[in-house]
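In structure tokens below, several structures.
There are two complexes below, and they share subunit A, which is joined by subunit B in the first and by subunit C in the second.
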Partner chain A sequence: MTANSPPRPTLAPVIFILVLGALLPFLLQSGFHMRLAMLIWIYAILSMGFNLLYGYTGQISLGQPAFYAIGAYGFAMLQVKLGWGPVPSFIGTLVVCAVVAVLIGLPLLRLRTHYLAMATLAFMLIQHGIANRWIGFTGGQSGIAIVPLQWGGETIGRTGLYFVVLGMAAAVLLLHDFLVRSHVGRAMQAIRDDETAAAALGVHVVKYKLRILVLSAVIAGVAGVCFTLTSLRVDPSLSEFHVLVSMLTIVVVGGLGTRFGPILGSVVVVLLPQVLTGFGELETIVYGAFILVFLLFLPHGLSSLIERRDFLAAFKARKPAGTGKEAAE
Partner chain B sequence: MTETILKVEGATRRFGGLVAVNAVSFEIGKGMACGLIGPNGAGKSTMFDLITGVRPVSAGDIWFKGQRMTNAPAHARSPMGMARTFQIVRLFRGLSVLENVMLGLHPRFADGIIRALLGGKARAAQETATRARAMEMLDFVGLADRADARIEEMTLGQLRLVDIARALALGPDLLMLDEPAAGLNDAETDNLGVMLERLRKQGLSMLLVEHDVDFIMNACDRIVVMDRGTKIADDVPARVRTDPKVISAYIGQRAAHAAH
Partner chain C sequence: MMMKLSYLLLAGLTNGSVYGLIGLSLSIIYGSSRVINFAQGEFVMLGAMTAVMFLATLALPWPVALVLVAVVAIVAALGLDHGVYRPLVRRKAEPLTIMIGTLAAAIIIYGIALLVWGPEQKFVPPILSLAPIRFGFLMTNAQQLAIIAMFFGFLVATWFLLYRTRFGLSIRATGVNPRVALLMGIRSERIVQFSFMYSAFVSGMAGLMIGPLLGGQIGMGLLLTVKGFMAAILGGLGSPFAAAAGGLAIGLMEAFMAGYGTSLYAEPAIFVLILLVLIVRPYGLLGDYEAERR
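Then we have the complex of A and B:
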């Protein structure tokens, strides 16, 4: 009889987060607060995709905002230009994201990390250029407007829209959580930590990288669709560096490669500027200082406070440990 | 001789102008423990890389269980039944000890994300079985109580054992260990020797690289000796020990050390 294996992580925290999310509309009074809540979920979706790709698989792709924009534009354009309904437009948009990700991923995955970062950044700039300059196609600076979502002939109100966004976020959260706790998540982390050792154990490294790149692109597309659903228009501002910086801040503040980092990080990144408006012109500086202080004291992100093992490790890491060094030799 | 499990035929590997492995051939019979020794830089670790497909050969062939593996990628070779450890322990630092061993069982899962999502009960059962098997492996190397530990909390000796547990998880037909005793203290080395003896009794074929000559002479049925990329001896331990070419290769190394 062998010893019992350690307890497995449960779904409980996921359910807790979703219940909290479902209660929010009854707790928040103003429409402004509801908009912030939806924005948190949208950023959380985007960042979960990035977390799978970078946090868990170690692939630095900066193309996520571009897929976010393709999701947002695609959803609007399929409705406005082709007259498709919202559901076919949603599906069609995700298919476009997946196909573009495959086309980019095939050659890129042979390149080393920094080239992947640069090439995906270039892809983002190209996408941005198209959105801005190809006015006949994308509406240029003024963008494209869509009609609000309907249900049974009636426009869905703010609360209904919130639940649509929450539903998308729930689906992505469940997917994210399932993957990272499964053999797929183990393979992803193995690739991140040591590609050669992963391959020697039978992990098809290139195939996994491509799969996760495509999946994260589709998830970014879902976030983009949610953006269009809530703002009712798309314009080039959504693909600007702002989205990229927010996404990077979220995963770092929340904790890279952690189960709930993207959600915790999104709460901070969306709400912090609201709290800081009192600082007026100094807001940006205070915001930056806050993030810096945060990174100094919580280098493993907010998740490290919640995911016990990380928390303990963070403390142990402060003690001078000899054993780790020998192993790294 | 019994059935051949591994056949290396004229394996050659060049790094630019350097020939790290030069037309080396040898065979390992089923159930045999074969030692691979030689001075530093002889090409032993590179030979491991060629056999497991971590690096392609520049020339020559690798046959495993009667199949030509020369062009098979690394990820296709381990599911065939070859498992290895690395000279410098390469465990995944973001995963727990148990999860590292579970990765050794990765090929048991149906491939692909969609299949994982739709896997349902079968996948869940596979996950449970994988955990149980990984715990069994940790128990075998005496580390079941460290299953939940992080890699950086373990000593080098323990890490070598985790690495071996991970290599054994899939139930390989050939186990390849690259200097498993390096950095271990005497007690740990003895313990490792006992474990290898047990595996050998179970009929597992092994290829063992080790610097500790006494250790390897005890643990192996046959010894292949390499020096500067070339095979210089291939015989039973007793004869290899007295082979003048082997002695001079090792004396050469000592002289080089002394000169430093």
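Then we have the complex of A and C:
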């Protein structure tokens, strides 16, 4: 596993990614490319929350898109309906996400594997149903529009907005990285690998699970706020199934339970459809096949290639394991 | 009053039968392989859409079409088994990873269906007549009755297969412990393959029958998968019969919620109910079997 690799992980790759992100606006010219770049960061934030929860702690939640949507709606509604400023709305939204996560998490974290997955999926469908149907409150299909973010009386331009999103992503990335490398990360992985053993070693399983669920919900909320900031409107499509599929694809392609998997994955998942438009009607099939190929041939995602640094060794290490297994059985 | 009640009851039983059959299929696959098949609803979609192709486009007689629909569903299931399940199991993937793999398979099946049938809603020709039949105040049609009859037919067939045949004994043994079953000379890979084929057959038939009532559209699979899951989870994944009962319960709740409450909130309300059930009984309403085995 990558977490036990001998050289101590440093902050260098984090800084490298963030510097690269900061340089991006000077390299990209068109507004469309900037939008894609922002979308990459938004999906990266969302998937980092899911990575903490599923990749590191082993608790699957298919309800993450619901928190993403709650974040987006909360941010829009606090501004439009209550007239709060952007910063108080941002904080208020995160509090709302955290409270909802506690309410959902307390009863549901008793469930395991498939039952937890289905219960959280039910939560997502409830959220989606309400966003779609309670027209007086959520605006229904047409959603809610908000005014652009302003600074000193002037509307922040696209590049400024990009740096706001990048700032949020940087904060989440640093938090993600810090947690994973700290004792909390080790406790999380212990829970993932064996709950009973973790409890025996003094890890407070229930407390950790709940904390990580709340944290991942808040992170999904941050992603939702970023989405509202960039698209200036929210609608029920935020918690549609394709968001969930994208998120799962990101963590699988990037690598579950890896430090930079969510970022690598979201680069691929956001850019892939742009490449695939060349395939026309075959796009959906190629997308599905892509996930499958990654699951089969790179189960630890793109990160496993990069973190091992040396491709040949990775392939050599896999081959004998494959033949050895058959001999053993 | 009685008329509305009976109408809702029948509509609920019809939809519930389909959810129940999907739940049963999911539970059979889960029992032998510990995998939740996200592509189950796509088999139902394939059943409905191939019915359009064979009955309407090619205008084949219905017994031939029925066999061909079953063949398509079973071939798709074999593809899922050999293309997704086995390779992932050989690589020692976690059940939840395999679940994501079946999700990828669902996307691929959807993509192929998009190429073949396009995104429009299609009319699925009914095998039996849709003309109303009256029993006193009871209004129904032959198709509806056939779906409900098929549900109970498959229930009995599954029970017979699992509890009255030697083969069923090996299926159950694989479900309890695949390794020990393997040591007893049961080829667990074949059991899993059979469970994929059987459940695809059941779901394909459900699609063929419900198609005329729901309308055939290639996007229908996803919602059906979700309803089937909810059925299986509500009843208890461990037993096919509990899952089927869960499906009936969901169908009936849906119908009564739409009939007496508000049809707008029928769907979210059901998911709320399922959440509440899971909070009280974390392994489903009838799920003690599964809980004991842990």
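As a convention for this text, the second predicted complex is superposed on the first by the 302 of 329 C-alpha atoms of A that agree within 3 Å, B and C clash if a C-alpha of one lies under 4 Å from a C-alpha of the other, contacts with A are read in each partner's own complex, and residues count from 1 in each chain.
Convention: a residue touches a chain if its C-beta (ideal position, glycine included) is under 8 Å from a C-beta of that chain, and two chains touch if they have at least 3 such contacts.
Keep in mind that this is a model prediction, so the values were computed, not measured.
In the superposed pair of complexes, A:Q150 makes contact with neither subunit B nor subunit C. In the superposition on chain A, A:V245 makes contact with subunit C only, not with subunit B. In the superposition on chain A, contact of A:F178 is made with subunit B only, not with subunit C. Looking at the shared chain after the overlay, A:Q274 reaches neither subunit B nor subunit C. In the superposition on chain A, A:R211 contacts subunit B only, with no contact to subunit C. Shared-chain residue A:L121: touches subunit C; no touch with subunit B.
Once the two complexes are overlaid on chain A, none of the subunit A residues touched by subunit B in the first is touched by subunit C in the second. Contact residues of subunit A toward subunit C in the complex are 60, 107-108, 110-115, 117-119, 121-123, 125-126, 129-130, 133, 241, 245, 248, 252, 256, 281-289, 291-292, 295-296, 299, 325. Residues of subunit B touching subunit A in their complex: 52, 54, 73-76, 78-79, 84, 86, 88-96, 98-99, 102-104, 106-107, 109, 111-113, 116-117, 123, 126-127, 130-132, 134-136, 138-139, 144-145, 147-148, 150-156, 159, 166, 170, 183. Those residues of subunit C that touch subunit A in the complex are listed here as 30, 36, 83-84, 87-88, 90-91, 93, 95-97, 99-101, 103-108, 110-112, 114-115, 222, 226, 229-230, 233, 237, 264-265, 267-268, 271-272, 274-275, 278-279, 282-284. Of all residues in subunit A, those touching subunit B in their complex are 2-6, 8, 175, 178-179, 182-184, 186-187, 189-190, 192-194, 196-205, 207, 211, 215, 257, 309, 313, 316-317, 321, 323-324, 326-327, 329.
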